[in-house]
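Presented sequentially are two complexes of chain A, the first with chain B as partner and the second with chain C.
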Partner chain A sequence: MTAHLLRRTGQALLVLWAAFTAAYLLLQAMPGDAVLIKFQNPELGLSPERIAEIRSYYDGGGYLHTLLGFLQGDFGYSVETGTPVLDRLAEGLPATAELAGAAFALAVPLAVLIAFASCHSTRLRGLLLAVPSLMVSVPVFLLGILLVQLFSFRLGLVPVIGGSRAQQLVLPVLTLAVPVSAPIAQVLARALDHALAQPYVPVVAAKGASRSRILWRHAARNALPPALTVAGLTFGELVAGSVVTETVFGRNGVGRLTEQAVDSQDTPVLLAVVVLAAAVFVLVNLLVDVLFPILDPRLA
Partner chain B sequence: MRAPAWLTLALAVLWALVPGLFTGHDPLSGVPADKLLPPSAEHWFGTDAVGRDLFARVVHGAAQSLSGAAVAVAVGLVLGTLLGLAAGTAGGLLDGLVMRLMDVLLAVPGLLLALTVIVLLGPGTVNAAVAVGVGSVAAFARLTRAEVVRVRGSDYVEAAYGSGGTVTAVLRRHVLPNSLGPVIALAALQTGVAVLALSTLGFLGYGAEPPTPEWGLLIAEGRDYLATSWWLTTLPGVVVVAVVLAAGRLSKELR
Partner chain C sequence: MSSSRPAILSVAMLAVVGLLSACGAAPAPRAAAADGTPVRGGTLTYLEHQPPTCLYLPAAGFYPNGGVLNQLTDKLTWQNPQTLAVEPWIATKWTVDDDATEYTFHLRDGVTFSDGSPLDASAVAANFDVYGKGDARLKLPPAEFVSNYARSEVVNPRTVKFFFDRPSPGFLQGTSVIGAGLVSKKTIGLPYEEQCQLKNVIGSGPFTVAGQVVDKEIDLRAREDYDWAPPSSQHQGRAYLDQIKIIVTPEDSVRVGALTSGQADYVRYVQAYDERTVAAAGFTVRAEPTRGVNNGLYLRPDNELLKDARVRKALVKATDAKEVVDTLFTANYPQATSVLSHLARGHVDLSKDLAHDPAQAARLLDEAGWTKGADGLRAKDGRPLKLGVFVSGPQPLSKQTLELVAQQWAKLGVTLEIRPADAGTQAVDIKDAQKTAVSHSMVGRADQDVIKSQFHSESRDVLLSTDKRLDTLLEEQSALADPAARDAKVGEIQRYLVEHAYAIPLFEEPQVYGIAPHVRGVAFEAVARPSFYSVWLAR
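Up next is the complex of A and B:
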């Protein structure tokens, strides 16, 4: 168990290091002078002291320097504003965490509802199983636009501008929850089907267990691990969805920052975002891996 | 469900190949007096802010969106299959190296990977397609490797080696054809995924340049008229969803 944990952690660190290296080679491997010229652009209005500070950062230059910086939480300077990348990330992170957290919190019960309903009702089954396929086929930006159209302009339920914090959050969260929920629902439904076909099901049924008891007590426990794996993998969808959702709804978060960074070729910001996203993805999936033996003692 | 999926895709491909058969309107120049008309018998999908026929723009946009998806899938399929084939056949160090590299690709969310490639190559239809394709390399490589490893252990491959086949000959005659089925199903699925991803990049402004009709760009252009003209975003959106759904359905059948 400990050996497995150590090996998995080592693997995760290796993947993360490789992700950093690849992203660095692609994005940051331009000569230091090219970066510095961008900072000297008078439109940025940087003070000479700030330019000297940035110069000393990039003069030290090179791969190892940047890697050490990242390990210490120093991500360099944004080419667009001349401020530390860390500050810009910290500005956007609360809004994105709020959006992504709420969307995930909504996506999981939604997925569970769809999957369990499809096992309960044989009549609606086909229809219910088609729902996740539809959910993954709608582009996130389109969904956001359609929700604004319906709830803000047609029904007038959510104000387009202004409104309370909760009102501003409801449509983006709904938009982001849909693509995250769909793969979880698909895998959970399949895993439940598989679990219900196992020989222990007729046994507990013969002992007098009701359909819902079989489903919730017995099948659910066995269907959980695959669903958990997919839930970990949907983290990528959560990040990509945040970029699009924040752009559609004009929310200032890390997603919006990413989009702006691409627009203005702000490679230091993009590098930090890519490495951060990979780090969280690797961490989340490591956590899922560690949780596995706890959920299913057979794997311990 | 079988026929509608095939019909939808066939129709979309025909739109891309011979758009003139389906619409007589010009996708690029409009009649300003006819701006923002709702759908009617004359303009099936209505008209946009400069009086262009939206249906014509969607039909002509098929060429942009579908050829982009084809390029994306080709990039993913060729690179991914080659890497997976090499890893699965060679085994050992190369296998480990290639597969860890794929882990790295999978650890970065697809859209971020695509945006990184776009920062490198610059925006544009072809670059966006390549960017989306790079994102699907890992999926193809993993699947191909798994299939190759499965086929490699089978008796007929052993027999082919035993009867004097060289590595390349056995790969080409036995391993590749027998590994290809699931890979083709994945290619169908990835076509839908690519249409989706390309429309997202188009929406964000990294794909085709206006006034080129591209599906994501069409929806983005309709955003400014949400309050008054629902058709500008909804109808091109329905087309995108239909094509993506059909590709997913097709992939399920091929599996």
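Up next is the complex of A and C:
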């Protein structure tokens, strides 16, 4: 177990280094840079020489220097605002963690509800199994706008401008929970189907177990591991979805920071965001790995 | 399970959502206050389209910056947006010598910055020394609204003099523009990166910063001891509002929906296609003119294909600006009649020369040797007539505008290649006349010098011009002390630009605001940035 964990941690560090290097090289290869984008503003009327001078001021000092900085927790300065990248991340992280955490917390029960309901009811089964496909097909920005129009502007149930912190969270969380919950529901429903088709099911049924006992006690245990794997992978959906959700709702979290950084090609910020996202992704999947043997003793 | 069911279901569910969102009634406009007496107090919620960028004053032209800085700073002079006359503000009176190389300003007494320091001659001199010459040590670039600046001289605490190397008749108006906001000596002495940050902007304006969530919200609070509004303002003393919440709301539909549902009072950047929604809900749509160089396509004469004036003329004739306005915009976007807005100083009506004439365009292209191939596209020596342009981020519906023009040009066999406004590529390629043959842009300022800003090779230089004659004309204009002679010169420049087919003016670009009926005292500076000083809430 310890050896396994050590090996996985080593792999995780390798993935992080690869993500950093790939992002670094790709960002270097992009045409133009943040300094040019920011200072070519015609109102400032700067000469190319002045821009080159300013660029030297922002120069990160090459790959090794930047990598060493990252290892020491120094992510450099945002070219767009001139503030340390770490400060910008620290400003955005709580809002995004709040949003993503709440969305995930809503997505999981929603997925479980859909999957189990589809196995319980034969009449609504077709309908319920179609729901995840619909949920995953609606673009996040469209869903966000529809929810705002309906619940805020038409029905006036929750404000999007002003309002308390909790009120400001309701619609973004709903928006983000939908696409995150869909793949979990899909995989869980399929896994339950698969589990219910196993030969042990008629055996337990013959012993007199009710349908819900079969479902919850027997099938669920076997259906959970694939769903857990997918739940771990939906973290990517959470990150991508939060970029769009935060922009639609004007929340300033890491997602919006990313969008702006892409827009202004703010390389230090982008590099830090990529490494941060990779770190959390790796961590989540590490956690899933650790949880597997607990859920299914056969995997221990 | 039938495979068509999910599709039918999706459609049904979307339809339900659609119906629900369509059947809600729009809120009735609030009853107007019984009389027009301004009420003091309240908080105005103002939704801005983009977060402010760097708040160094000379960069205030960017509308999200200007919307904030206009409330925080005062200027030496006030340009009346109706008459465009320059009136006293912090300067009570001034004298200009005959050749406009020496300006003397007498300042109002008792004006202070919000940090308590006095707004006196030495503070004003410190501001304009930076705006006029920049400061290399502090990495501060000079401002585009000051030309030929030499030095300042503090005569006494209430009198300041400015000297110029060459005549600078635009300077008086320059002291009234958004970028000429006066900041405390402490602020102006900070390096560029520091001056960029809102917390460091210390002005003498009617509002001060009460709080900020970067890129999300700026809260302003009225300054209790403010007592130096422009003398011509009816309202004197403290601002009526207690507070302003400026909230960045990038999504168009959210801004408009928040306004019409009563969650916001005032929004910037109502898209042309949303104007009807706003008006139908009983809200005001205010389209403020920007009085400068029109939204248009600027043709770069150094481009290999555009070197030939006949090709440029053909493109002018191939473009139907009326169709652009009628299809994409509203009556708030008047079709251009010249390079300049009809509200700009020195405007001349050149609509005859700019008229849409596809037959003439085809003739000109034939003459220039660009013949139509079997595919309907024009080519010469095997080279296609293909021109590149970038979508212009700040221009409303730029992509749609360019797509429509591309359709018009395609009828004549000319290809307009539209590239997305990806900042990096754009920053590199926009300064390359071969790759980017056409520039889609505009610039607003209520002075004759606006034309110089757009076209001079040392300014915005949208043409990437090597035309010495054009530079000379622009410099002559900027050095004429007599306003009438300046207007005439501006007319000559417009004719020159149209004659050489450097410009395809499309429309006069406004700034469009949506305003709730209970918001009164709405006012703008001369180039459409809102002033909240006299705004009050009738509710």
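Observations on the model:
What we mean here is this: the second predicted complex is superposed on the first by the 266 of 300 C-alpha atoms of A that agree within 3 Å, B and C clash if a C-alpha of one lies under 4 Å from a C-alpha of the other, contacts with A are read in each partner's own complex, and residues count from 1 in each chain.
Note that in this section contacts are C-beta pairs under 8 Å (C-beta built on N, C-alpha and C of every residue); 3 or more make two chains touch, one makes a residue touch a chain.
Quick caveat, the model's predicted, so the values are computed rather than measured.
Of the two partner chains placed by superposition, chain B and chain C are both touched by A:T247. In the superposition on chain A, contact is made by A:L26 with chain B only, not with chain C. Measured by the number of chain A residues touched, the leading partner among chain B and chain C is C.
Looking at the shared chain after the overlay, A:G156 reaches chain C, while chain B stays out of its contact range. By the touch criterion defined above, A:V148 reaches both chain B and chain C.
In the superposition on chain A, contact is made by A:Q265 with both chain B and chain C.
Of the two partner chains placed by the overlay, only chain C lies in contact with A:G82; chain B stays clear of it.
Once chain A of one complex is fitted onto chain A of the other, the partner contacts of A:V140 are limited to chain B, with no touch recorded for chain C. By the touch criterion defined above, A:L129 lies against chain C but remains apart from chain B after alignment on the C-alpha atoms of chain A.
In the superposed pair of complexes, A:V273 makes contact with chain B only, with no contact to chain C. When the two complexes are laid over each other on chain A, chain A has residues 133-134, 137-138, 145-146, 148-149, 153, 247, 263, 265 in contact with both chain B and chain C.
Listing the residues of chain A that touch chain B in their complex gives 14-16, 18-19, 22-23, 26-27, 133-134, 136-142, 145-146, 148-149, 153, 235-237, 239-240, 243-244, 247, 258-259, 262-263, 265, 267, 270, 273-274, 277-278, 281-282. On chain C, the positions that touch chain A within their shared complex are 1-2, 5-6, 9-10, 13, 17, 20-21, 23-24, 45, 47, 51, 53-54, 58-59, 61-62, 139, 141-144, 179, 193, 196-197, 213-216, 245, 247-251, 253-254, 257-258, 260-261, 263-264, 423-431, 453, 458-461. On chain B, the positions that touch chain A within their shared complex are 100-101, 103-104, 107-113, 115-116, 118-120, 192, 196, 199-200, 203-206, 216, 219-220, 222-223, 226-227, 230, 233-234, 237, 240-241, 244-245, 248-249. Listing the residues of chain A that touch chain C in their complex gives 30-33, 36-38, 40-46, 50, 54, 57, 80-82, 91, 125-127, 129-131, 133-134, 137-138, 145-146, 148-150, 152-156, 159-162, 247-252, 256-257, 260, 263-265.
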